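Chain lettering (A, B and C) follows the sequence in which the chains are written, and residue indices restart at 1 in each chain.
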Amino acid sequence: MSTPSRFTLTEHSLTLWRVTFDNAPVNLVDGTLTSELDEVFTRAENAGVAVMVFDSADPEFYLAHYDLSAKDELDHVLAHPEEVHPYTALLIRLSKLPLATIASIRGIARGAGSEFLLATDMRFASREKAVIGQFEIGMSAITGGGPATRLPGLVGRGRTFEILYGGLDMDGARAEQYGYVNRSFPDSELDGFVDELASRIASLDLQTIKDIKYFVNLATLRPDAEFKDQIDAFWAAVNRPAQQHVGKHLFEAGLQQRSEVERDLPHWVTRFQYRPGSDQE
Amino acid sequence: MSTPSRFTLTEHSLTLWRVTFDNAPVNLVDGTLTSELDEVFTRAENAGVAVMVFDSADPEFYLAHYDLSAKDELDHVLAHPEEVHPYTALLIRLSKLPLATIASIRGIARGAGSEFLLATDMRFASREKAVIGQFEIGMSAITGGGPATRLPGLVGRGRTFEILYGGLDMDGARAEQYGYVNRSFPDSELDGFVDELASRIASLDLQTIKDIKYFVNLATLRPDAEFKDQIDAFWAAVNRPAQQHVGKHLFEAGLQQRSEVERDLPHWVTRFQYRPGSDQE
Amino acid sequence: MSTPSRFTLTEHSLTLWRVTFDNAPVNLVDGTLTSELDEVFTRAENAGVAVMVFDSADPEFYLAHYDLSAKDELDHVLAHPEEVHPYTALLIRLSKLPLATIASIRGIARGAGSEFLLATDMRFASREKAVIGQFEIGMSAITGGGPATRLPGLVGRGRTFEILYGGLDMDGARAEQYGYVNRSFPDSELDGFVDELASRIASLDLQTIKDIKYFVNLATLRPDAEFKDQIDAFWAAVNRPAQQHVGKHLFEAGLQQRSEVERDLPHWVTRFQYRPGSDQE
């Protein structure tokens, strides 16, 4: 395997691996991260890994969101409507990996970043430093990676609507109350808890982990086709004037840089809402 | 549209409308409210409204329950078993409206009142002044408007049974803990929170709201037929001696008046339980 | 009916019955308990009982887990793969009984004990003295009685994985936070709450209880076949060297006796994990 460029991989033991996102300036999700993770998943499956932990080297950003600068990606998607977008396919795979997956969340996880952690098995968050949300409605786009499908089984129908319609951030304590994450911890206790739980599970029986994954998935996963339809709806939104209007202004203001725009994205998006027929631009 | 008699309609903006229930003495649900709401839903859809808020002009009663005095309604229902009762049909429609719906709850919302708020997208409650519950078991009747179907996706199976078997009231704090409502607030903060959230959503992209509604409903709504069967079971119960016995005594004690019976209905119902073969009556 | 040997049955009234587990030394679940409960269920149904409460005579053990000493039971299971194991069949039946069921939990409820309470309608726990969990992964076995299927509808997908992968204990407060139980109470208040709720429901209309059970089950129960597959996977695990290795060492250390092993089972199991190819054994 070539050295990954978007994260570091630490093999703590034969059965416990850690992926630490490290993709300056703000840990964007992109096609390269997608393919590098896909490769690690294959290696982990083949190696009989029991537990994978996903955390971030950047205490301020877990995974900011999807890289919105990739204009040629939109062109590809529109030209190949029959394909499942690679990131959606990766998340579908992540939920079904025959091993236990844990997201350890410190910093901002919005949009595709939140979608990533929703596709893991368990989520633990820093009470003070986790910032979780689906800001996409502020970009005039449905969330593409499936939170409309995954959130109801964690937080219920009503809170799912609040998260997706509102597009606002949630801290660790609120995320725990809603069930968006399993638990939140004072920041100084998060790593210790996750390490102890991950080590424990990694010492237990791999066949049992696989059996648990199989039966819980049978009771909880929705059909793959629902994810395909959502990512298609997302790209259709990206291709509309409203999304392009907001995006253009956000990039000018500092999107995808280590900026106040990224730090408070849910409020910045409201500055640039598109009004058809007005002469804004 | 004729002026509604059961509520006031406030059009805050092109995209944000408010229905304020105002039907003295205790905000009963009845056929007139049902048809007036249905008409507003159609107007809102046609007008491209993005957000509807539902609150009450009466701080003590949100929606007390269904009007149980309409004897000719029972006759109609029994004569037309193929029809879906209009209130059930309204709630099915409410859950699918292509816009965001918010219940802002202060006062008593029992029976059909609780069913109404369960059919909205999001529920926010006054911590001290919200009183929510499904008292129908005390009237010897299954809940007709679908909480057996909707509650499990909000509060889980165990708490659904507690709510329906127990028939007791819940305050805002407990309703929040259970997920019956999204959040509860000190009474003085409820309106501010709801207004800010509603205004924000109303300023965002309507197509995205429709997409979110579609995909969340796909993952959360049960088949319409389950609601038909429940309302039929409710009316079958209304036609049994047990229900008529309790109802008769409750009306004598003050049901559907601004009375202690309405204020503490879950305990009043237990005074008049039917014992077949006894000479109560 | 012969006098049950694993519990006492108290008929508080015509409509309210109580089963109090009492099977020294630690309230194990076994084939005798299974058949005795099955007989009580039949009697209760025939007698028109409205509410059954399940509690324990032993404040330290609610139901410890399944009796793992029954070697001939494994032989029978392996020889009759077409049969649904009687305990699984009992739990499927318990969830569908046409009456309200309440688990009042004080002491340890692990493994098959936790599975029992998950199959009841409602669970109330002592905040300090309830100890709930699914330790089976520590025995290298998938949980057999269906928590992978039942937990998601109570605690959500993420917390289900935490409970099953981790195999750790949960106290009453955490169980309440997760929705594993409806509520927890200071130990001195548990009995009073359960008695009052049970008495109230037992005084209400039995047909309504049956209607509620029917409609909530329609919205929440998974197909019976998923339970059969899990118990089969459990027995397949029991037949593997890993499980037999852990079991042998645990019995030597005090399993199924009133011992520290039973008190802290989730940590004892980790002492004896099987390493294929090593010369432990």
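Everything that follows uses one rule, which is that a residue touches a chain if its C-beta (ideal position, glycine included) is under 8 Å from a C-beta of that chain, and two chains touch if they have at least 3 such contacts.
This structure is a prediction, so every number in the text was calculated from the model and none was measured.
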Angle (degrees, nearest 5) of the CA superposition of subunit A onto subunit C: 120
Interface composition of copies subunit A and subunit B: same or different, split at half: different
Distance between the centres, which are taken as Cα means, of subunit B and subunit A, whole angstrom: 36
Subunit A, residues touching no fewer than two other chains: 153, 155
Touching residues on subunit A, where the partner in the complex is subunit C: 100, 121-123, 150, 153-155, 179, 181-182, 197, 200-201, 203-205, 207-209, 211-213, 215-216, 218-220
Residues of subunit C touching subunit A in the complex: 136-138, 140-143, 148-149, 151-153, 155-162, 164-168, 222, 226, 229-230, 233, 237, 240, 242, 270, 273-274
